[in-house]
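After this come two complexes, each holding subunit A, first together with subunit B and then together with subunit C.
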Partner chain A sequence: MTHNPTIVVGIKQVPDDDEVRIDPDTGRLDRSSAPAVLNSPDRNALEAALGVRDDVGGQVIAMTMGPPPAADVLKEAVAMGCDDGVLISDIAFGGSDTWPTSLTLARTAEYLDADIVVCGEETTDSSTGQVPPGIAAHRGWAQLTYVEELEPLPEANQLAARRDVEGGYERVVADLPVVVAVAFGENEPRPAGLHRKIYAENEFEPVTVDANDLDIDEETVGLEASPTNVGGMETIEGVDRERTVVDDVDELAEAIRSTEVFA
Partner chain B sequence: MTDIDPSEYSDVWVFVEDHDGDVMSVSWELLNEAKTLVEETGEELVALVIGEDVDGVVEEAIARGADRVLVADDGVFEPYRADPYGEQFRAMVEERKPSIVLIGGTHTGRDFAGRVAVPTHAGLTADCTEIDVAEDGVLQARRPAFGGNVLATIICEEHRPQMATIRPGVFEAAPPENDRDGEIERVDVVVEEADTLTEVLERSTGETADVTEADRIVAAGGGIDGDLEPIRRLADALGAEIAASRHAVDEGWVDGSRQIGQTGKTVRPELYVAVGISGAVQHLEGMNDSEVVVAINNDPNAPIFDHADYGIVGDLFEVCPELADALEGAEQPEVTL
Partner chain C sequence: MTEIIADRNTETPDYDDRFDAVVVGAGLAGSAAALTMADGGLDVIMIERGRYPGAKNVFGGVLYTPTIRKLADLDDAPLERYIAERRYGMLTDHDETAISISPGEWHEPPHNDSYTVFRGEFDEWFAEQAVDAGATLLTETTVTGLVRENGRIIGVKTDRPDGTLRAPYVVLAEGGNSLVSERAELKETEQRGNVAVAVKEVVEFPDDDNAIQDRFRLTGDAGAAYHYFGEGAVGDAFGGGFVYTNGETVSVGLAYRISDAVSGQPNPEGTLNAFKTHPAVAPLFRGGRTVEYAAKTIPEGGADSVPELTHDGAVIVGDAAGLVLNNGVHLEGTNMAVESGFHAGKSIVDAAEQGRTDADALSAYAENLEASFVMRNLRRYEWLMEAVENDREFVFRELPQALADAGTEYFRIDREPKESHAENAKERIMEAVGGYTGAAKLALRYRKIVT
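This part shows the complex of A and B:
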């Protein structure tokens, strides 16, 4: 069966990172005006998944859990080459932290009969990196995080990967089903093909599933089932910097020399 | 749903991450910081050591502040794999019910933490930069959010344990005190090789640098375009360590242990020189507490200039060697101010 694996890719819509900058004067930002985009590490996940399909065939399905407008990222995934896209949406999911989020995604992966689940390293909005291991843990599946390269081994019903580890790398082989988190920036995501793009824009309709379809007990998801809560938010005072731009190297050397570092 | 009684849970656990006997320095940083938590709560500070032939690590954990060390020593744990580590750790948590569990936010720590937190339905806060504990024993885990301008406090009131991964470099390690006493307890190993889902075919690691100790840092970014020479030259002149942005690390120009930022190390040297680094929020998070920041960039609109004390707009391939010369001149007594 794994000569034609079902590869499910977790992707998320997030506020555009480039619009989310620290304003050095006020130390504040306006996220509401930031347009929603595809979490950029998820492009690497999509590329890795499509790469596996290039090697051994099968199908690639993108899944996103979020409100209906999040379906936009599914269009992008389909334009890049995914065979299909699933929107996982239900008010019951609102306020989920990583525990119920990964439960919901794990259920969806199972519902789609996934052999391989591919995720990004982390999201730029919640940046926990905990969802992919969470998906694996909810199902007792194998996991491969910080993946630089994937090598499907269909004969053995396994997936091998090169992982980035502190100070080097390792090569690991995992039994299927497996959850992969691709290291951000490790591959060159392919551009959307013209025909796929037209299809994604005009014809593609995502499959939509809710808690009921996934056979998820509403009490196991959402805010209530999230072990963690936000207890408070504090604006971080921007560090007050001199912000002096000097004209030449001698002046810069002088400035460095005059700091306490050289005292 | 899972109703538990938080009062049944006590003690602060710190995971000591070792690979082949080499301990990641974040583990010692956490042991030292956790001392302040147990002073607050009056509980035991427990270190967890998982690996093979780890006696040396166990001794050092006591010298670094652990009251008790739980040891799972078995060949199945070397080299590291998420599934056996997660399973062993989960079993220990379920049996002994710690209140707080701290894990270094390294690739390894972030890899297996979820395999403990999910089955135990624990609260897991990723990448914290500040921790303390309230009077009721609730951990206040703080982490930067929304691109770094907000510090969010994450709490977990109804579930236990309260788990957190902590960024490397944010806390200071204490030197070992070799005459400290502590209890060593060997635990049952619950994992068998036959049950594992993964196999490590090859592992290749070199020396990992510790840039968090450096007083001066010269950091290389995408602008160096593969040529580290100007960085080396300037670092030599300043007596500085070399670090890098993620771009420079991803390209393979600089080793990953030297990466600064949200997914790398946090540093606060006296002097941080950012060379050919744009100043993305994820980078700034790792170096914003440096005392003096200097930026060298050929784009006058690069965001890094807003976060630097001194900046120069210019080609790094010219600026770095010239600056090195000018600074070396400064070492001569007659030129020194």
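This part shows the complex of A and C:
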């Protein structure tokens, strides 16, 4: 950088958490009926990236990893104002946990000559928050997490970030290239322009890249290369609330005294 | 930057006048218009404010499909049940007097073109038919106004940045709450006496898989449409209640005039709860659980309230044009919406062939709608609302009570002879209708409902 940085935004398609129903009979989440939508923290990432472009120019390119239908979120990103979108799709990526996912996204960022990578703080369907730091770690780049606001410093080839800390905020400056995770809800994502939205949904086609394009060894991604091992799941049974009817205040005080509320 | 990106052109094109027509709202009227125009070779864009077509749409529950059947293949459509039985019940606060009809013919395709549907599913499907025919659908975008040039409507304004889109024709299919048409002074804001407020619940039966077929005596895909009026349905208001069976749920609701909601019957939700617990209705919902609650307004002004339908560069269709028939026996709007969208679409295709956008070039829409069942039905019952309004105490309160009392007398089992039971029953009716003279007047006044 550069007055015209290449800003790559990692986004993800997730089940719509507004539409994830709780089965009233079993109390379990039913995700299968929920439509796939853009992970909402990613809107803050897109807004932050587009804000940097507003300030210093450059290009904003959205990237997402997934099967071809995931291209829908790229269209949404382009509608919002991204210059382009890249679909990272390969059968070899199937079953990847955060380790190979961040490896793949890091390789894609490098492939796109990224100066800045921006992500949301986490995804609503897995909530690990590991991917943005993972991208930085795989490449040895700087990282700025839980960012409220970005301030590009093009003369110094740096990016400053305001981070929320207890009792105030801190300002951290990082050298490029840098990976940014934007705190959820910290900015107001811009609505898509009418003509841009018509274009994005009807004419735009994303660039598609696979493991071969990215020079990724298929042994290093996918389920087999994922270190996460889910040990098991437990369902917590609800506890019925006890109800007692008392006749007067003294009886109430006695009832409370007999519990562990008052020693 | 990498070459793979640098070589691409992703500039935003200018879509002004790239589409032949903009359709405001992808409900039944809008999609019918879009589908008709796309079939006629026009480039059409539908602009829908909901996240998907139907997301914002509410209706009682029965869709009438004679025109849709001509436009699309209904075999693929998400239909719930066909209507196999219609029941009309008059309710006092604790009596019911009902008639039921279930002709054998209704069990045979095309099932009298009457089906319960969920609009969220059906409208999305119908809009897809328009998209398959070549139309473009844009969701989550609200049209806020019209663009005019020298008096002619030449496009729409939306709530988005860079939000103006020009097109030679605009189809206003925005529904009953037609703010765009009103702001553009293409129609007047409706009087509150001509608008109904409707509330509805969808109820499921978690503990009884056979609840619907058992309680409504149904088999297979057969369904029931029950209509109710009288004090037990909507209290002191002018309106009625309904119960419709869906596939796995039952819709129950009521509609009455907003003018009553601001005076004598202020609480639609409470009124619906009272209706649901009426002794004739409550057993249908035993053990039920409400899974959805919805409300909307229905234009009921009849033919008098239908605005000028064609303008230079624009037409108004569906609920936005007030095309809803409610005469107590027939509650129809969906069929009129589709019929109007179809005629409007056709007139635009014809006008486009002549390269004209003026109102005169679109007049075939108004003429064909006038000649169709839509305006003929609205005109036929124009007098009815006023007549019932004048007789509302009789129609909604005295008549249901008299019929219930007469039935009680006529079928009374005691040690009196049937002659006196029949006499008592007749007396009760005569009292309510005002003797032979009153009965004759009523018969004359309401003869056009059946003749």
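Just so it is clear, the second predicted complex is superposed on the first by the 228 of 263 C-alpha atoms of A that agree within 3 Å, B and C clash if a C-alpha of one lies under 4 Å from a C-alpha of the other, contacts with A are read in each partner's own complex, and residues count from 1 in each chain.
Following the convention adopted for this analysis, contacts are C-beta pairs under 8 Å (C-beta built on N, C-alpha and C of every residue); 3 or more make two chains touch, one makes a residue touch a chain.
This structure is a prediction, so every number in the text was calculated from the model and none was measured.
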Touched partner set for A:D84, first subunit B, second subunit C, both or neither: second
Touched partner set for A:L252, first subunit B, second subunit C, both or neither: first
Partner chain in contact with A:R190 - subunit B first, subunit C second, else both or neither: second
Partner chain in contact with A:Q59 - subunit B first, subunit C second, else both or neither: second
Partner, of subunit C and subunit B, that touches more residues belonging to subunit A: B
Touching both subunit C and subunit B, counted on subunit A across the two superposed complexes: 24
Subunit A contact footprint on subunit C (complex, rising order): 1-2, 4-5, 8, 10, 12-15, 45, 136, 138, 141, 158-165, 206, 289
Complex contact set, residues of subunit A against subunit B: 17, 20-24, 27-29, 31, 97-99, 102, 121-122, 125, 127-130, 132-134, 136-138, 141-146, 160, 163-175, 178, 184-186, 219-220, 224-225, 227-236, 238-239, 241-250, 252-253, 255-262
Contact footprint of subunit C on subunit A as seen in their complex: 6, 24-25, 59, 61, 78, 83-84, 86, 111-113, 190-199, 201-204, 207
Residues of subunit B defined as touching subunit A within the complex: 1, 19, 24, 79, 81-83, 86, 106-108, 110-115, 117-119, 121-127, 140, 144-159, 197-208, 215-216, 238, 246-247, 250, 255-257, 262-263, 270-271, 281, 284, 288-289, 291-294, 300, 303, 305-314, 319, 322-323, 326-327, 329-330, 336-337
